[in-house]
Structures are given as C-alpha cells and as structure tokens.
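One chain, subunit A, links the two complexes that follow: it is found with subunit B in the first and with subunit C in the second.
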Partner chain A sequence: MAFAWKASGLTYNKYLSVAARTVRRSLKDDKRLAAERRGDMELRFAKWTNGKQGENKSLADANAASMAEAGSQSSS
Partner chain B sequence: MLSRAARPALRAGAAAAASRPATQNAATFATLREIEDRLKSIRNIEKITNTMKIVASTKLTRAQRAMTESRQYGKTSNTVFEHAETKPIEGEGKKTLIVVASSDKGLCGGIHSGLTKRVRKLLAEKPDSDIVVLGEKSKAQLGRSSGKNIVLSFAGIGKDVPTFADAQAIADQISLLPTDYADIQIVYNKFINAQSYEATPIEAFSEEAIANSPNFAAFEIDDEVLSNLREYALANSLYWALAEGHACEQSARRNAMDNASKNAGDMIGKYQILFNRTRQAVITGELVEIITGAAASEE
Partner chain C sequence: MNTFRIARTALRVRPATVRAPLQRRGYAEAVSDKIKLSLALPHQSVYKSTDVVQVNIPAESGEMGVLANHVPSIEQLKPGLVEVIEESGGSKQFFLSGGFAIVQPNSELSINAVEGYPLEDFSAEAVRSQIAEAQKIASGSGSEQDIAEAKIELEVLESLQAALK
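Right, the complex of A and B next:
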C-alpha cells in the first residue's frame, strides 16, 4: 500500500492537517470562522547545537520546506 | 501647619537648636507621606493582580473543558498500546527524548519549575537523553542547567488554548529529528485538582517498540502504516500534554493571583492602621504644642 501523499514527502500529520483544513473551509460561514481558529498555528522554533540556541524560525515555514525537500528527494 | 512653616527654615539651614523639634516633626510628616505612597502603590498592585485573577478564572473554564476532552482523546489513542502491551525498548545505545510541555508565560507559581525539576531528575537517570522544550519558561531554566541536551525549542505556546494543529506541527518537527529515539517521554503537569499538579511523563513509543510489543499480532497493522500510527500517536499525546498543561497553568495563575491579592489586602490593612496611628500622633503633637504655647502666652 503506497500512499501518494507519502511519496510526495508529506508526513501523516501534515496529511491530516491538510484534510482538516479542507473540511473547515467547506463549512458554512458562521461555523467556519470558529472552526478555522482551531486550525491556527503560530509557533516558532529554534534548533540547539552544543548548548547554544539557534535562530528562531516559524514552524510552519520550516515544516513546509523540509517536506518539500523530502518530496523532491523521493521523486528524483 | 507649624512644620510646613518650619520647612523652608530647615532648608535654609537654621540654627541646629531651633530646628530640632521641627526636624522631628518633618520626619513624621515625611513618613506619613511615605506610608501614603506605599499604600497607593499596594492598592494599584492589588488591582492588577485582581484583574489577572479574573482573566485567569475565565480562561480556566475554557482550558478545563479542552483538558477533559483532550485527556479522553489521548487516553483513547493510547488504548491501542495498552492492549498491545507495548513497552519501551530496554537497549543500550538508544537515546531517550524528553519533551517538556511548559509555556511562554510566567506569574503562575511554581508549575514551570516543577516541570524543570522533574526533567532534571529524569536527566540524572539517563544523562545522554535529548530534550525538546515547548515554551520559553522551561527553556530558560533548562537552558542554564543542561543546554547541551536541548535539541529543539518551541516558542509561542500558551497564548491561547493549544490547538491540535500546534501538536501536529510539533510532532512533525520532532519526527524529523535525525536521531532515532528508543522512546519519547512527554513531561507535562497532570491536573489533580485546582490546588495541586504533578509533573508526569507520558510515553510515546518508537516504531520498533510498537512492532516488538507482545500483543502486537492482535492488531492487523501493515508495516507501512505503522510509521503513520506512530506520528499520529505522538501528536495525540502532545496535544493531551499541552492542553492539560495549559489548564494547570491557568489554574495555578488563578491561585497565585488570588494569594497575591489577599497578601496585598493584608498589607493595605496594616498600612492603613499604621497611617491612621501616625496621623493621630502628629495631630496630638501639634495640639499639645498649640495648647502649651497658648498657656505660656496667657501668663
């Protein structure tokens, strides 16, 4: 069983969140506003090496970038 | 009145003998003003802590609802591992990952230090474990003592009730880490009741551990789906930990602010009494001076 989304580098969690976003967007307006707030994610993260904190980056961007990279690796 | 008239003379540096009673008088007046200022600032602090308490109380109800739901959710998700009797692999050379579910904001008593202490205890048992810190507060504390173990830190947690999207994004970033961990322990504050919390770890298992569990054959899981299950279970557990930690934080903040308001109230009472006593003493002193002056001039 090979999944198309797995081949393109998405993780299961990303796959779920994309699916959830689609469902939220297809709701009626009044419900959609409340539901879309549940999908917000504004975290930042930093990598640490040898006890020093690295740069603070947006988590969403970094996740998207690493998944795009994984996708291009598996497809090539 | 007397002392106010005497003050310029005091500033001008009148003869020491003449200004002595005036100095004493001025001193009591100064303390009177000091007490008043102190009272005012304590009243302001009380107002602030009281407002923070009310804000925390309103947030607490929402946080608690999210917590009960997420707890149910996380427990259901872990039922699989209970039935499969999954255990962390006891092997040499495999690292443990400790995820600390704290938050960005302080002013809520000792719940962050409680987490940090628990993590330090875990670190003492397994000194080569890696740490992922969620939230600025524990990051600052752990960064000082064991910065070498930290591999990732997340910020921006605790503004609002944590969402599942948060947990998923964190889980993704954790599963992208280069090291293969034998097991992941998520340390969070377990909500016992409104007064007490306990830093507790939840286990999230590695693929190998799930595959090696004794009762694993009872579930018909394809190998390919297994990694999905692992990622999903990690996100579930993280969500549980974040939501419960958030509820604990709000409840702790409510208590801390409640205590602070109470202490401020006590201090206000004390200073008010002191203020009144000093004021009366000053008035009595002035009266005595006026009466003796009048009696002396009559003769």
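Right, the complex of A and C next:
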C-alpha cells in the first residue's frame, strides 16, 4: 500500500502522532485540556565522542530534520 | 518383549480414559459465540478481555466486522469509527486515531491505538475550524512535510466529520 505521507519522508510514528494530535484537538473543551498534555514531548539528547558531551539537541527538531532529508531524497 | 509393549500401551491408555468425562464437560463450556475484546490506549484500557458480540473496525483494507471464531489476522487501522456491539445488545462507538487490530486464534481481538474517545466527546465546531485551517496549509506553500502533515489532518478530520453526522 502506498501512503502519500511516506513519499514526503514522514515515518509511521510521525503519521500516528499527527493523527492523534488532530483527534485530541477535536475534543470538547474539558476533555481536550486534559488530553492535550499527553502530546507534549520535550526529550533532548546529546552525542558523546571521546569522553566529551556534544551539542544538546531537541529530539523533535532532529526527527523533523531527518524526515525532511528523507523526503528530499525520495523526491529527487 | 511383546508383553512388555502391551503393558506399556495399557499404561498409556488408562489416564486418557480416566480424563475423558472431564474433557467432555470442558468442551461444552468452551463453545462461545462471544469475542473477547481488548481495546487499549497508552494511557487507558477501555475494554479488558470483555465478552462482546461483534466489533466493526475501519481497516486500511476496508471496513470489517469481527465476530467470534474469526480468521486470525493483523489489520492496520485508518483513523475512524470502531463500533462495539455488546452482550446486552447495545452498541458503543469510539473514534480511534489509527493503530492496529489483531485477531487472535482463540476468539480474542486486541485493538491498539494512540487516541480514542467515545463519539459524543467530540466537538463538531472544533472539527470544522480545523478543516478550514488544514486546507489552507495543504494548498499553501509550506515545506513538503508541513503539507503532508496537513493532509494527514484532513484525512482524520474528514473521517471524524462523517462519523459525527
């Protein structure tokens, strides 16, 4: 099965998180406020080389960058 | 040698004849026309091995209804409406954001999704305003990824709007 989002470099995980975010935003106000907190993700990571910590990066930004790269590779 | 073999088969046969009446009773209990449904979200389990009559799921390969003794299969779910027909005869509708449904051989159905809510928890107003916003992004000049995300949102919202009608 071919999915349009796959051609743009998006992963299945990203597809699911976008779909879940949309569902949360469509709820009635009281439920929405409780649910939207579940979508927050603030993970950060750093690569260690030769015993030194590298740059501290946000995982969400790094994921977005890698998906943009995958998208440009598949379309070119 | 021959007598020894007979003695051994006799030994093997006897426990089976002793157990036979028990087996027969077990078989009568095992026949059930219900399917055990587990509907699990990361933060909540909505159904936990509950006996239900039928479950209708929106699989990527098409809408399907699952009854007891269904063929084992694994189905990817579209964002859509899952309908559960309970033992009492009533039915409940949940909108799931997409995930997987696994039909197991022993009349068990496991559904996993990221988000799922009863249909009455959704606001038609919020759906309408999000559709307008997503359409603007989908036809705009954003990055390829932004447009792809907006198209996913549209898929979810249109399915939700159809379910709310």
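Keep in mind that, in the parts below, the second predicted complex is superposed on the first by the 74 of 76 C-alpha atoms of A that agree within 3 Å, B and C clash if a C-alpha of one lies under 4 Å from a C-alpha of the other, contacts with A are read in each partner's own complex, and residues count from 1 in each chain.
One rule holds for everything that comes next: a contact is a pair of C-beta atoms (placed from the backbone, for glycine too) under 8 Å apart; a residue touches a chain by one contact, two chains touch by 3 or more.
Note that this is a predicted model, so its numbers are computed, not measured.
Engineer: Looking at the overlay on subunit A, is there a clash between subunit B and subunit C, or do the two fit?
Structural biologist: Once subunit A is superposed (C-alpha atoms), there is room for both subunit B and subunit C without a clash.
Engineer: I'd like to know which partner A:Asn63 touches here: subunit B for first, subunit C for second, both or neither.
Structural biologist: First partner only.
Engineer: So in the superposed three-chain picture, is A:Trp5 touching just subunit B, just subunit C, both, or none of them (first/second/both/neither)?
Structural biologist: Touch status of A:Trp5: second partner only.
Engineer: May I ask you to decide whether A:Arg38 touches subunit B, subunit C, both, or neither, giving the answer as first, second, both or neither?
Structural biologist: A:Arg38: touches subunit B and subunit C.
Engineer: What is the contact status of A:Gly71 with respect to subunit B (first) and subunit C (second): first, second, both, or neither?
Structural biologist: Only subunit C is touched by A:Gly71; subunit B is not.
Engineer: Tell me the angle subtended at the Cα centre of subunit A by the Cα centres of subunit B and subunit C, rounded to the nearest 10 °.
Structural biologist: Placing subunit A at the corner, the angle measures out to 90 degrees.
Engineer: Kindly classify A:Leu16 by the partners it touches after superposition: subunit B alone (first), subunit C alone (second), both, or neither?
Structural biologist: After superposing on A, A:Leu16 lies in contact with both subunit B and subunit C.
Engineer: Taking the superposed arrangement, what is the smallest distance in Å from a C-alpha atom of subunit B to one of subunit C?
Structural biologist: Minimum C-alpha separation, subunit B to subunit C: 6 Å.
Engineer: Which positions of subunit A sit in both the subunit B and the subunit C interface?
Structural biologist: Shared contact residues on subunit A (touching subunit B in one complex, subunit C in the other): 1, 14, 16-17, 20, 38.
Engineer: Can you list the subunit C residues touching subunit A in their complex?
Structural biologist: Touch list, subunit C to subunit A: 42-43, 60, 79, 95-99, 114-117, 121-123, 126-127, 130, 143-145, 147-149, 151-153, 155-157, 160.
Engineer: Help me check something: in the complex, which residues belonging to subunit A touch subunit B?
Structural biologist: Result: residues 1-3, 6, 11-14, 16-17, 20, 38-48, 50-53, 56, 59-60, 62-63, 66 of subunit A touch subunit B.
Engineer: Across the complex, what residues on subunit A touch subunit C?
Structural biologist: Contacts found on subunit A: 1, 4-5, 7-10, 14-20, 22-29, 31-32, 35, 38, 64, 67-68, 71-72, 75.
Engineer: Given the complex with subunit A, which residues does subunit B contribute to the contact?
Structural biologist: Residue list for subunit B touching subunit A: 139, 143, 147-148, 150-157, 159, 163-166, 168-173, 175-176, 222, 224-225, 227-228, 231-232, 235.
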